[in-house]
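Here is the structure we will look at, set down as C-alpha cells.
Each chain gets a letter, A, B, C and D, in the order it is written, and its residues are counted from 1.
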C-alpha cells in the first residue's frame, strides 16, 4: 500500500461549554492513502464530522484540537501557519457537504462560487478562463447547458443540480483528498450512482483520496473498501468494509446493521438501537455504549481501548472475541 | 473655559450675531403678536415713534407730534426717508400702515392681531405729504406710548408682493435690509446704506456701523450660552440667571442687565376658598421669603415688588406698604382665618417657570400648608385661568404681565379691572374700576398719575396676588461689542452697535 | 417585485394613511387649547375679533366637515395655511425638510458606519472580552437620554475643546447658494470645499447624538445576523474552498448578514426622522421636528396635521424601501 | 445534553437554569433588585424629604467635593433639595412607570397578538392596520400630542406610553402564534373540540410567554428613556414628585456649574437601563429556543 496521504494520530477535539468540556473527537486514529476510499459511519453527534473538520482546520470556535497529530502528505497540519493551511484547503483537500442548498451561498451566482475557487488558487489565470473551466466542471458533473447557467443563483437550480454543482466546486481545484460529508443523501438513486461513479473515476484515474462520511452503510459497502465506525466521539470499530459488515466485532456496529433495511432481505424486521447517546459533557471512562448495549457487563465500566479483532480490524469492545461467529 | 479659539469663531469685525430662542414667525409687522418677532422686525422697519434706552418716547420717522384735541393726534414726518426698495416714504404710507393695523379685514381680508395695541384708533388721515392725523373713537392719552410698538411699511411693496409676500419680503426704512431668511435657523440682515439715520433725539445717527447682523435661532438655553462662550454669537438674549457666573468667568463675554417691564405675581383665585379671605392672601404675602428666591435663584436680577407696577413705570407708587417676610405673622393670620394645617394648595404654571414655582411652593409650605406646583402647557393654562368657570377648581396661578408701554393702563386695566382679560384672580373692586376708567381718558397727566397711585394702594391692600418681583432682562454680550445696551422693552436694536478689534 | 404585489402594497397603505390622518385630526381637535386664544394672547382683542379670526381659519365649522375638508385638500396637496406663519403649510414644511433629512441621513449613515464594523467584530470574536466590551458600549448607546448626551457633547467638543461648533447648520462666513437645501450637496455644487467642511463639522455632533442609539441597535442586529450567518454551511463551505478570511467574512458572510440590517436600517430611518425633535432643539437645528413640537404647543393644527401625514407617508415609503432592499439583496426572494 | 435530563425540566425551568448560569445577567438582575428595593424603602432610608427645599443649599456639591457635607451625600439641586433622597424617590416613579407601562402593554399586546395570529382573517387585518397606523405615527409627536390632549400627570404619561408599547409585544406574539397554530399540540386540542379561547389561552399562550418576557424587558429600557424625554419637553411628571428623567432635564442648565445635579440621575438611568438590557439579554439567551438547537 502507498504511504498514507492523510494520517491522523490521537486526535482529541474539545468544545468547552458552560456545562464542562465536551470531547467531540476522542483519541481518533485514521489513515487514508491516495486513491483509497474510507467510509466513516456513525449517528449524528458521533464525532465523524468534527474529526474531519479538525483535519481541514475548519473547527468553529470555541472548539479546538487539544492533542494529536494530523499528517497530510507528510506535513503536520497542526503546525502549519494559517496561510499555508488555507492554501492547502480547497486546493489539495476539499470538502463536499450534505446539503447543497445551505452550502451554496444564496447571494452569489453558481458561476461566481465556482470561479472563486479557481481564481483563489490561481488555477485559472483570469475570469474568462475561470468561467470556461467552471462550465467544463459543471458539465462534467452532469449539468446540462452549464455555460448558460453560470449566472444562475443556487435557488434557481433543482436540488440534484445544486448538489452536483456543489461537488463540482469541491473538485474544482482537483484536490488530492476529498472529505465528502453525506454528499449524496439528498439525491435520488440514479443521481446518487452518477455522483458516486464520478468520485470512483476520480479515485482511480487521479488517485483522489476519499473520506466518505455517511450513516448509509449500503453506500459504504458499495464504494469504500475500508470503513470506520464512530460512536460518541470514539472510533469503536474499523477494518475492511466487507468483513465489518459481514461480521461486526462491536455491538454498536451490529446494532447499526440491524437497524437498516437490507436490499436482499427487505422483509427482515428492523431493530432500532434502544436508548440514547450519553451526555458528552458527563462521561465516565468506561465503554460509552454500555447503557444501550445488550451485552454490557460490569467490566464494561472500566476503560476500553481499541484492540485488534482479527482480519485487519480494530474493535473497542472487551467482548469482541465473543462476537466472532 | 474655552481657552482655544476655534477656527470658525474668527474675528468678524463688521458682523454681529445675536443668539435668540425663537425664530421670527413672520416679517410682516402687522401680522404677529410676538416679542421675538418684533425684535427682529424692528431692525428692518422703523416706527413713527420709538423709545430710547431710558424708555422715553422719541420721534423716529415722525419729526414731531402733537395732540390737537382729546381724540386727535397729528404727526409731522421727516423729509427724504427712503425705503430699502428706493421708494420715498410719504404720509400715504403711514396711513396705509395704520389702516392695515387698525381696521377690520384690512390685512388681506384678515384683521391684524395688533389692532388691540392701538386702542380706539379709528382713522388715519393724510393732511399733506408730510402730515398725518390720527382720529380716536374715544380719548386715549397713551397713544404716543403705544405707537412705538408699530412699524411703518411701504404701501407700494404691498401692491408688488401682496399679503403673502409681506410675510417674507419686507421693505422697511430701518437700518438693515433682509439678505436671507433661513427658516428656523437664522435671519441675515445687511446694512442699508441709504438709511436716513434714525431718531435725531438719540445720539449716533446715520447708517449702521456694521455690515451684517445675524439673528441666529438657538432654542436650548445651554446651547445658546455655549454659543456665546465659543464665540459663535455676540449677544444672547434670555441668559438664564444660573449661567451668569459662567459668562462672567469666561473673560470673553459679560453679563448685561436691564430692568424688564414684566411684573411677576401669583394670582389667587378669589372666588375660591380660602382665598376669599383677605387674611389668607395677606398671610401668603407674608409667608414668602422673596429675598431668598431673588438672591439665590435669580442671582439678584430682580426687584421685589410691593404691588403691581414696575418702579420705572409712569405713576409708580413708591410709598406702598410692604408685606414683609414674617412666617409667624403668616401662621397667625392663617390660624385666624381658620385654615387648617396641611391644607393642600396648588400653584399652576408653565414649564418655563417650573423652578420658581417649586421654590415658591416649598417656601409657602413652611406655613404648615401643603403647597405644590403643577406644570401645564401654556396653550391650556392661559385660557383656563381666563374664564371664571374654567378656573373654578384652581387655587393659584404663577404668571406675569408685560408692560412694554410702562403705563399703568397697559397692565392694571387688563389684570385688575373687573372682567379684564388678564384678570386671573377675578379681582373686582368698584373703586379700582372707577379709578382705572377715569384715568384712561384723563388728559391731565398729574391727575391721571394720582388716580393710578390710589388704585395701586387699594390693590396692594386687598392683595389679590402674591406680589413677586420685576426681573431684569439678562443678556450675555461678547466683550467685542460696544455701543450697545439692552433696553427695558427687550428690543435688540443693532443700529448703533459697534465691534472692537 | 411584481406589479400586482406593488399595487397590493399601495392598497394596504391607504387605511394606514387614513387612520393616521383621523387620529391626528381627533387628537388635535380634542386637545384643550384654542389656537385663536393663543394667537390673540397678550392682545386686546374683543370676542368679535376672535370670532372673525376663528371664521377666517375655518375653525367655526363642525368637526366632520373640517375633517373632510382637510382630507379633500390634502389629496390635492393643499394643507391649508399655517396659523402662525400665515403662509401655506406646505411651503413652511418644505423649507424645513432638507435640514431634517440631511440630519437623519447623516445619522443613519453614521450609525451604519459604526455598527457594521463593530457588529462584525463582535460576531467574529463572539463570546470573547471584545464581544462583551462591544455589547457593553452599544448598551451605553441606548441607555443615554439624548438631550443630556447632546448637551454633554456640546460642552466638551464645542465649548471646552472647540473642535466642533455649538449648533446651527453652517458658518455664516462660508455661504453658498442654497439650491437643494442640502448643505452637503449645495457646497459641493458650488465647489466650495471649505464650506463643505464647515457643513460637515456642524452636522457632526447632532448626527452623533441622533445616530448613537441607532448605531447601538444596528450593531446588535449586525452581530446577531452575522453570528447566525457565520454558523451557516455556506460560510464553512467558503472557508473549505481556501478563501481568505477577509473574503469569507466580508463577501460571503456580510452580504447575507446585511439583508436584515438594511431592512432594520430603512425602518429606523423612519423613526429617526420622526424622533429628532429633541436633538434639533438641543443643537438649534432648523428642521421639521422642532417645528412640529412648537406647532403642537401652539395648536397650529394645519401644520401638525400635514407633518404627521408626511411622517406616515415616509413610514410607509420606508417600509416599502425596506422590502425592496430586502428583495434586492436577497436573490432568493426575487420573484 | 441528554434528552432524559432535558426532559426532567419544563422549558421555563430550563430557561431559569440557563439564566442562573449567566453571571452577567445575574449581576444585572441583582442591580435591578437593588433599585427596586431602594425604591420600595425610599420613605425609610431617604435621609431627607425629597421636596424639602432650602435655597441656601442651592447646588451644594456632593460630600466628596469641596463645599459638600455628608448630611447631603450626593449634594443638592437648584432648590437645595437632597439629591440622594430625590434619586431614591425618583426610582419609585421611574420604575413604577416602566413596570406598569410594560405590564399593561404586554397584556394588551399578547391578547391582540394571540387573536391576530390565531383567528387570522379580518381580526388579523384590523389589528395589523392598527399596528401599522400607530407605528406610522412618530412616537414623540404622538406622545407630545397625547400629553397635550390629556394634560400632565403620572397616569397620563403611563397611558401615552402604553398606547404604543403594546404594539411591540403584539407583533412578536402574532408571529409566534402563527407558528404555534400549525403545531401538533394545537391540532390535537382542536381535534378534541377545544374552542379558540381555550386553545389561545391554554395551549398557545404558555408557549409564547418567553418571547414576550424578552421583548418586555427590552422595551422597559426605552420606556424609561421616553419618560426622560417627555420631561425634557416639559411634559414629565408633576412636581414635587421627582422622576429621574425630570431630574436630568431640570439639571441640564447647571451642567457646567453643578454637573452632579443632572449627571447623577443620568447615571442612575444609565445603570438601570444597562442592567435591564443585560438582564433581558440573559433572558433571551436563556429562553430563546432558536439559540439552543445546535
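FYI, a residue touches a chain if its C-beta (ideal position, glycine included) is under 8 Å from a C-beta of that chain, and two chains touch if they have at least 3 such contacts.
If you want to know which protein each chain is, UniProt gives these names: A = Peptide/nickel transport system ATP-binding protein; B = Peptide/nickel transport system substrate-binding protein; C, D = Peptide/nickel transport system permease protein.
This is a predicted model, so every value here is computed, not measured.
Minimum number of contact steps separating chain A from chain C: 1. Of all chain pairs, the one joined by the greatest number of contacting C-beta pairs is B-C.
When every chain is represented by the mean of its C-alpha atoms, the one lying closest to the mean of all protein C-alpha atoms is C.
Most remote from chain B, judged by the distance between CA-atom centroids, is A. Between chain C and chain D, the centres computed from C-alpha atoms are 24 Å apart.
Spacing of chain B relative to chain D, judged by their CA centroids, is 45 angstrom. Spacing of chain A relative to chain B, judged by their CA centroids, is 88 angstrom.
Centre-to-centre, using mean CA coordinates, chain A is 50 Å away from chain D. In chain A, no residue touches at least two other chains.
Contact of a single residue of chain B with at least two other chains is seen at positions 1, 222, 377, 379-380. Contacts with at least two other chains are made by residues 148, 151, 252, 255-256 of chain D. Across the complex, chain C meets chain A through its residues 126-127, 231-234, 236-245, 247, 251-252, 255-256, 329-332. Of all residues in chain C, only 32-34, 37-46, 49, 52-53, 56, 84-87, 92, 95-96, 99, 151, 154-155, 158-163, 165-169, 171-173, 178, 198, 201, 281-284, 286-287, 290-291, 297-299 touch chain B in the complex they form. Of all residues in chain C, only 13, 15-17, 19-20, 23-24, 27-28, 30-33, 132, 135-136, 139-140, 142-148, 151-152, 155, 159, 231, 271, 273-275, 277-278, 289, 292-293, 296-297, 304, 307-308, 311-312, 315-316 touch chain D in the complex they form.
Looking at the complex, you find that chain B touches chain C at residues 1-2, 4-6, 8-10, 12, 15, 17, 23, 25-26, 28, 31, 33, 104-105, 109-111, 113-117, 119, 164, 167-168, 182-186, 188, 212, 214, 216-220, 222-224, 226-227, 229-230, 232, 377-380, 382-384, 386, 402, 414, 421. Listed in rising order, the residues of chain D touching chain B in the complex are 51-53, 55-56, 58, 78-81, 147-148, 151-152, 234-235, 238-240, 250, 252-257.
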